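Below: one structure, written as C-alpha cells.
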Amino acid sequence: MSTIDTNAALPELAPVHNLPKGKLGVSLLILSEIFFFGTLIAVYLFYIGKDLSGPYPQDVLDPPFAAPTWAPMAVSFNSIFLLTSSIWIWLAVKALEQGAMARFTLFWALTIAFGGVFLAGTGFEWYGLIAEDGLWLNTNLFGSCFFTLVGFHAAHVTIGLLLMTIVLVLTLCGYNHQRHAGKVDLLSWYWHFVDGVWIFVFTVVYIIGYYG
Amino acid sequence: MRRAFVASGWMMSLLAATASGAAPVCAPGTAEMPSMFLPRSEPAEIILDITWLIIGICAVIFIVMEGLIVWAIIRYRKKRSESEGGEPPQVYGSNPVELAWTVIPLLIVFVLFLVSARGIFEIDKQEPPPGSLEVTVVGHRWWWEFDYGDLGFVTANELHIPLTKDGEPQSVYLMLESADVIHSFWVPQLAGKMDVVPGRINHLWLQPSRAGKYIGQCAEYCGNQHANMLITVYVHTEEEFARWVENQQKEAVEDAAVAEGRDLFMSTACINCHTIRGTVADGTFAPDLTHLMSRSVLGAGAAANTPDRLREWVWDPQNIKPGCDMPSMKLSREETDRICDYLETLK
Amino acid sequence: MTTAPESPRLALKAPPLSRLHEWVVTVDHKKLGLMYITSGLLFFIIGGLEATMMRWQLAWSDMGVVMPDEFNRLFTMHGTTMVFLVGMPILLGSANYLVPLMIGTRDLAFPRLNAFGFWLFLFGGLLLYFSYFGGQGLYGMGSAPDVGWFAYAPLTERTFSRGHSTDYWILGLLVSGFGSIATGINLVATILCMRCKGMSLMKMPIFVWIMLIDAILVVIAMPPLAASQVMLLFDRSLGAHFFDVQGGGSAVLWQNLFWFFGHPEVYILILPAFAFVSEIIPVFCRKVLFGYPLMVAATVAIGFISLGVWVHHMFAVGLSPAVNTAFMASTMLIAVPTGIKMFNWVATMYGGKIRLHTPMLFSLGFLVQFLFGGLTGIMLAVVPFDWQVSDSYFVVGHFHYVLFGGLVFTIFAAIYYWFPKVSGKMLSERIGKWHFWTLFIGFNLTFAPMHVSGMLGMPRRIYTYHADRGWEIWNLISSIGVLFQIIGVLFFAWNLLRSLKKGKPAGDDPWDAWTLEWSTPSPPPAWNFDVDPEVRSRRPLWDKKHPEDPDWKYE
C-alpha cells in the first residue's frame, strides 16, 4: 500500500497499543465469570433469612469463628488450603519463567494437592449436609442457594484441577518448557480467580449467611 | 416527502382514534371501549393529562427531526444532472453545535422527569385513603375473585363499586393477590394496571367519576386462557350499590321447585371447587356461585351468562374456554339441565 | 488502485461434499460470518412465518385459525427466535466478517473459538426448535415452549408448565448463549489486540468502536442470564425453590434477573444497527461522519446506562414509587446519547451529496422509524403512562419499531452495502427499491396501528378478542401490512438469489467508500490483505483518494 504514496509529508503512524490477546482473552473470560458468580451471590444474599423451614445455616454449617472448639472449623481450614494453593501456583509460574523445571513441578503438584484437599473437604461437607442433615437443593431456599453457589464454585475448582493435572502430566512427560510459561501463567490467572471468588462465596455463605 | 406523509399520517390516526373514542354513543348496560382516552376515574384522568403532555412533546420532537431529515434529503440530494464534480466539503464536527444537542435533550428529559415523578407520587397510594372501600382481588388462572372483606361476601369476575359516598367521591382501594402465577389488573378507564404477583400484596387506587360499566382484562401473560381473563367493573350510584351489596350478603335462595337440581349439584364434585353460601358447597378453588345470576358473564368473560351458554358451560366448559381449570363433569344432558335450572335461581 | 496481485482462484470447483466439509471445518472469520448471517436469515423466515400465523389469527375478532395454546407457542417462539436466533447471529456474523477487514488483520484473535461459538449458537437454535418434536415425547406436534420470550416465573415452574418444553427454552438459549459469550470475548480481544499499524483506538472506524462496546455488553450481560436459567433449570428438574413462590421463592427476582440481562440485550441488538448506518450514511452522503469523538462517547454512555435501567420493564410490578422514579430517570437519560447519534447522522447529511441507493434508503427508513420507536420508548419510560400501556400492544408497537424498523432495516441496508464485497456481485438496485418500498409500507401498516390498539386497551399475548371491543380495524390493518412485508421479503430473496447467479461484477470498491475492507478484492481472499495495511486516519481510503486533502490533517 505504502508503495503508491510517494508523498513525503506523511505523518508518523500513530502508536498502536495492542494488548496481548491471551491475557486479554482470559481476563474477559474472568469478567464474564464474575458476572455469572455475581448473579448467584446476589441471589444468595437476597434469600438469606427467607427460608420457610429448616435446616437453617445456623443448624448445619460450620462457622469460621466458632468459639473454643476447633473441630467445627473444617470449612475455614479447607479454605486456607485453597487460598494457599494460590501462592504455590504463583511460585510455580515464577519457577517456570526461570526454567527451573523441578521447582515448577514441585509447586505445581502442591497446587493440585492443596486444591484437591479443598475439593475433598467440600465433598465431606456435602456428604454431611446431604446424608446427615438432610439438606439438598429441594429442601428449602437455603439448600437451593447453597448447593448452587458452592456447587458452581466446586465445579470451577474441578475444571481447574483437571487442567492443571493435564499440565502436570505434560510436564512429567517432558513436554512443558520455559517457553510455555506464558500459557501456564494464563491458567494460573484462572486459578487465582477461582480462589478469589471463594473469598466472596465464603464471606457470603459462612459469615453473612450464618451470622447475618 | 412521501416518507413524511406516511409518518405524520400515523400521528393523525392516533389523534383520530382518540377523537372517535371521545364521543361515545353508549346504551345503558353496554360498556364503552376500554380506552385510556376515556378516563372515568381520578388516577386515569391524571395519567391522561400526563399522556397528552408527552404525546405533545414527542410529536414536536418527531416533527422537527422529521423535517430536518426530509429537508436534508431534498436539499442535498445529488441531482442527476450534476456531474461528478468532486466531493462536498468535509465537516468533522463542531463543539458548540454538539454541545447544544447534548444539553437541549437533557433539559427536555428533565422536564419530563419532573412531571412524571409528580404523577407517580400522586397516583401510587401506599396507604388506603381515608374512607375507602377496600376489596381484596385474587387473580386465579383464569378468573378473578373479589373479596369484599368487611361486607362479608365473595364474588367473581365482576367488581361492583360505588360512585360516591355521602355525596363525596368514593375512593376504592384494591388489595391485589395471586393464587398461582402473575396476572395484572387493568381497567384502562379507571386506572393504570397493577400486576398481581404471587407472594406479594399490591395496591391499586380507584376513584370513579362516572357510573357505568367498564371492561378490563388481565394484562400479564398467565398461560393458556390469558386472553379470556376479563374484568368487568360496574360503577353504581350510592343507592344502587347499597342494593347490590344487600343482595350479595344474602345466602343462596332456596327454591323447592329446583330441589332436584340442587341435590344433584350437592352430590356432584361441583362442591369441591365451588361455594354456594348456605349450602354444603364450600370449595374455594373456583368462582363463588352464590349469586351466579347476578353476573352477566361466564368464565371471566368467555361467554355471556345466558341459559343456553350456561348449559353449554356446565356440559363441557372446555368447549367455551379450552384449557380452563374446570373439567367437563361428564353429566348427562338431563342432569346438566337440572343443575342449570337450579343455578338459574341463584339470583 | 490496488497493486495487489490477482488472488489465485482454483480453476476447478471441488465436489459438493468436500465443499460442504470445507464449510463445516472452517475457522475462517468470513466463512463463519456468512454462516452466522445465513442461519440468521433462515431463522428470520421461520420467525416471520410464526408472526404471520399470529397476525392471521388476530386479523379479526374471535378467529379460530390456531388453538390458544398453539398461539402461545407461536409468540414465544417468534420472540425468542427473533431476538436470539436472528438478531444475535446477524450481529455476531457481521462483526465476524467485517471487524478483521476493517482493522486490517487476518482473522479473529481465536479462530477456533470462533468456530466453536458459531456451532454452539446453531445447535442451541436447533435444540430450541427440536422442542416442537421433543417437548412432550415424540407424539404429535406442538409442544414448543409457551411461556413468552422472557419466561416469567412462576409460570415457568414445573407446577404451571408441565412437560419439557420450557426445559428446551432454557437449554437451547443456554447453549447458544455460551456461544455468544465466546464470540463476544473473541471480538473484544480481536479489536484490542489485532489492529493494523497506525490504527490507534481513536482511528478505528466507528463500526469497530460500536462493535467493541457491543461485544463487551455481550460478555457481561449474557452470564447473568445463564445463571438465572441454570437456577430455573434446577427448580424444574431438581426441585430447587429459587422462583417457586410456594417454597418461599420470589417471582420478582426472576424479573430482575431476566431484565438485568434483557435490557442490555435490546441495546446489544440495536448497537450493530447504529454501527451499520454510521458507516453507510457518510458514504452515501459523501461526507465524513459528523462528530466522531462524541459518537464514540455516546456509544460508551449507552453501554453504561443500559446496565442500569432494567426496572423499566417492571414499572407495573408494584415496586415502591422511589424505585420507579429512580429507574425512570436512568431510562430517560438514555435519550441523550441516543439523540446525539441521531443528530450527528442528520448533521452528516447536511451539506453532502446524497445518493439514494438502496443501502441509503434503508438507512433513512431506519432514521425515521427508530426515531419513532425511540420516542415511544421515552413515552414508556414515563411511569404513569407505562402503567396504562405496559404489556399492551403499545409496547409491541414500540419494540417492533426499534427492532424491525431499526435493526432489521439496517440489516437490509448492510446487506445491500456489503453484499458486493462479500460476493463480488452487485445486488439489483431496481429490485432493491421495490424491496424497500413494499417493506417500508408493510412495516408501518403493521406496527403503527398497534400503538393505537394498545392505548385502546388491547393487552399483548392474547390469542383472540371479543367483537365488542372495537379493536378489529386496527388489527386488520396490522395484518394486511404483513402481506406487504412478505412481498418485500420475497423481493429480497429474489434479489439475493438472482444476483448470486448473474449480478453485475462489483469490483473492489463499488460505493467509492473509505474503510479498509474496500481496499481488498471482492470477495476478499482467505488471507484478507496481501500487504499489511497501514492507516493514518479513520478513512484510510479517503487519504489515498485525496492525497491533497487527507483526513489526518483534521483528526
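Order as written gives the chain letters A, B and C; numbering starts at 1 within each chain.
By definition in this document, contacts are C-beta pairs under 8 Å (C-beta built on N, C-alpha and C of every residue); 3 or more make two chains touch, one makes a residue touch a chain.
These figures come from a predicted structure and were not determined experimentally.
If you sketch which chains touch which, the chains link end to end in a single open path, with no loop closing it. Counting C-beta pairs in contact across B-C and across A-C gives the higher total for B-C.
Put simply, the C-alpha centre of chain A and that of chain B have 51 angstrom between them.
Separating the CA-averaged centres of chain B and chain C is a span of 33 Å.
Separation between the centroids of chain A and chain C, computed from CA atoms only, is 35 Å. Multi-chain contact residues, meaning those touching two or more other chains, occur in chain C at positions 249-250. Looking at the complex, you find that chain C touches chain A at residues 3, 109-110, 181, 184-186, 188-190, 192-200, 203, 219-224, 226-228, 230-231, 234-235, 238-242, 247-250, 253, 257, 260, 519, 531, 533-536, 544, 547, 552. In the complex of the two chains, the chain B residues touching chain C come out as 3, 6-7, 10, 13-14, 17, 21, 30-31, 33-37, 44, 46-47, 50-51, 54-55, 58, 61-62, 65-66, 68-69, 72-73, 76-78, 82, 87-94, 97-98, 101-102, 105-106, 108-109, 112-113, 115-117, 119-121, 123-124, 126, 141, 176, 180-182, 184, 186, 188, 191-195, 197-200, 202-203, 215-227, 301, 322-323.
Remark: chain C residues 67-69, 72, 146-148, 152, 154-155, 159-161, 245, 249-252, 285-288, 290-294, 316-318, 320-321, 324-325, 328-329, 332-333, 335-336, 339-340, 342-344, 346-347, 349-356, 364-365, 367-368, 371-372, 375-376, 378-379, 382-392, 440-441, 444, 448-449, 451-452, 455-457, 459-466, 468-470, 474, 546, 549, 551, 554-555 touch chain B in the complex. Remark: chain A residues 1-5, 7, 10-11, 13-21, 24-25, 28-29, 31-33, 35-40, 43, 46-47, 50-52, 137-138, 140-141, 143-145, 148 touch chain C in the complex.
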